[in-house]
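Right after this note come the structures.
Next, two complexes with chain A in common: one pairs it with chain B, the other with chain C.
Up next is the complex of A and B:
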């Protein structure tokens, strides 16, 4: 967190700079089945963030040393396109994208029924095309929809959401300015049906009460996004079946 | 991919070619449907999405302020790169840039650069000290054949709609980038012994060499490339060049129709 307190992030009327209430999410749009080359795919726009995800597999696991005798491995690549940020990013992996890829893979492994596909690999390719704070959460949401679109069985549709703290106030779904100048950020991957958490990171400064409020906001937002994800998958299913549900 | 599949596919494509047919029912010089969307990416100074049949690519333009090359103190620069990341298809593996993606980026780069559509001197801010660098990055998201033409189309469309972020560099107000021409690319692949326009994924898998032709506004040639194993005759080239003249003009018109 930047935490350089001089920037005003809450207006005098208590709303945020973009006019949202403290517990209001940015607009979310979800589409399933957007990439013809992939086995499953999704497009998610969350505020100004845009993520596209392609899923390939289950397929033979290569190299062989990554194979697991009793389950599938999930190979996640989270990547930001060079033009996705205000300063161009040099193509290729960096420490940040490697870490996000790793923890995202572990989150997905906790929801996908990996034991159904021993010795195989499921490739999840998350591409961030436009970034404006919260891309790892958008990536998780896109991955869940893409996995479902690929017909891969899961315990639940995991949803990526985040809350944080600006000007000592807990808010849902930080935007770029709030992320840069705020005091805390708590991204989570939530299983909305059971309320379990499969992905968790946090940085900044939160009291226990503030954490509890964040948790409450995240759960609420996860349920809202979950409905959009299910709708997108239903539309895709109807489209695939020539217009019949 | 197992060798068996391409050889069976090759037989199928050859027998179709004898009847002057294509595997997806198109005519020999018929393209798949193209959708072009511009200004579609927040954070990119110019952007385009191309949906070309099942092939999907994004192109984004970014600018940077840099010091000029010592031998060209009054000239800015242009660079175009393409990434064939594993997202684009089952056959793509993670790793450093493949020869294939480097070829793709460079062929698209040459077509734009050599057309002279960007005045490099106009990118100079302070001679010898500060010039603008233009970077076009192409991201292939779904490869269902003929990514070359899709990438070239996206790159020029993104460039033609780019806004120079002058305010961010403290050099005045933002202004649209001056692009004096619309070079476009047409690619031909030998399938079943004869050339076809806009090969799809199967035709590429069971086909032979390909030829990429980039033409500018006057129908002038700006970049040529032959890829993969095979040879062609001057008469064959004359024939596809004629097709390219017509097709490139149509593609340029599509790009130009996206500008306000």
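Up next is the complex of A and C:
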């Protein structure tokens, strides 16, 4: 992927088209417990991306063939709403949503203490209401908050962040134009407390130095988003509790 | 088990958050030892008691334990056994041998059918989470009258109060029979006025059960009812 040479993604003053610095993230907002019918839920707005996630369970895994005798299975359904992009998306599962559901489930399995619930299933429904590049990362962040909100035991929260390369410059958190016309994209699922990586995909080419810079940006962004996630989870109870905690 | 206990040090933690050093203390429920630290695995309030650090979760699913009193809803019936939803990840199994009646093979439906509600005890839970229920015991029966409602697992102790003091008060002022089962289900039976009062109480538990002001709100409700 060599990018599109005639598309200018960096301004002459070194800032990006939307005015961000190369290591600046889009604005992130997180809310926990937004859906009363779900066991746990979360709403995440990351730039123009909006994701809602609902978690149900643990429940008996059906059909029985998916049951694991020693642990729970995490059943993730990632779906983009037909109105989430400028071109209408045909409703229903497609190749892309199947792939993202699978990788998200694998990322979440590394933080959820699945061995506590043998033969069970934890259902995670991620609905992308608005999309502007990086929806899989937003989905992972929303799923982590919703799982914690549902009281599912986890060894850490997991944060989805991405960085990439545009015009031979490494940048944090690609927006739509940068994702479409950039040279590389590196989404990651990071465990913020330990810095472990539970999920990594790479689209395009990066040199070792560029990769290391991406890692550095992603780790820094993960810590910032983690603070917002913790705040959302705590705010829900501290506010209700009269601010006494 | 709410964090809104008076006088206790209140600290809300989220999964992955370090609670303290692991040396000298034991890791209780809702925690995990990772390296030199005890970390929280759930959103909840830190509880340090008798050298054990645990987290009282704000939300948690019901995990049946042997001896629990549960209210179950019959989900399916076979020739000689019933499967009941006990508000947990798995259905409980009630074999004919542990039911209080003797019926012929194939006539289980005559005693309890799908949708019926019963009070039972958890006889046994194995490592694969198979749950066996029993209805042999004092007071265990099919619940034919009254209403059933659900509350969050961590609100059970708030509804019961210290040594069931709150529950006794509620029984007295509402003049209702009330059973608070370990699986978060509450059964209330009495006259319509009493049931209506208990519905208000249960609504308060659901909405404000984790708040420090809960006890005062409940006291006000009870007082209002006494003076009515």
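Just so it is clear, the second predicted complex is superposed on the first by the 236 of 245 C-alpha atoms of A that agree within 3 Å, B and C clash if a C-alpha of one lies under 4 Å from a C-alpha of the other, contacts with A are read in each partner's own complex, and residues count from 1 in each chain.
As a convention for this text, contacts are C-beta pairs under 8 Å (C-beta built on N, C-alpha and C of every residue); 3 or more make two chains touch, one makes a residue touch a chain.
Only a predicted model underlies this, so the values are computations on that prediction, with no experimental measurement involved.
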| item | value |
| --- | --- |
| First, second, both or neither for A:37, with chain B first and chain C second | first |
| Which of chain B and chain C A:63 touches, first, second, both or neither | neither |
| Which superposed partner A:233 touches (first chain B, second chain C, both, neither) | second |
| Contacts of A:14 with chain B and chain C, given as first, second, both or neither | neither |
| Partner chain(s) touched by A:88 [first = chain B, second = chain C, both, neither] | first |
| Which of chain B and chain C A:50 touches, first, second, both or neither | first |
| Chain B versus chain C as contact partner of A:118, first or second or both or neither | second |
| Residues of chain A contacting chain B in one complex and chain C in the other | 59 |
| Contacting residues of chain A [partner chain B, same complex] | 34-38, 41, 48, 50, 52, 54, 56, 59, 77, 79, 81-88, 91-92, 123, 125, 127, 129-132 |
| Partner chain C, residues of chain A touching it in the complex | 39-40, 57-60, 69, 111, 113, 117-120, 148-157, 191-193, 229-230, 233-234, 237-238, 240-242, 244-245 |
| Residues of chain B that touch chain A when the two form their complex | 41-44, 47, 53-56, 58, 60-62, 64, 81, 83, 85-90, 94, 96-97, 135, 137, 139, 141-144, 168, 201 |
| Residue ranges of chain C touching chain A (in the complex, touch as defined) | 3-4, 10-12, 14-18, 30, 32, 34, 39, 41-43, 45, 57-61, 89-91, 127-129, 208, 210-213 |
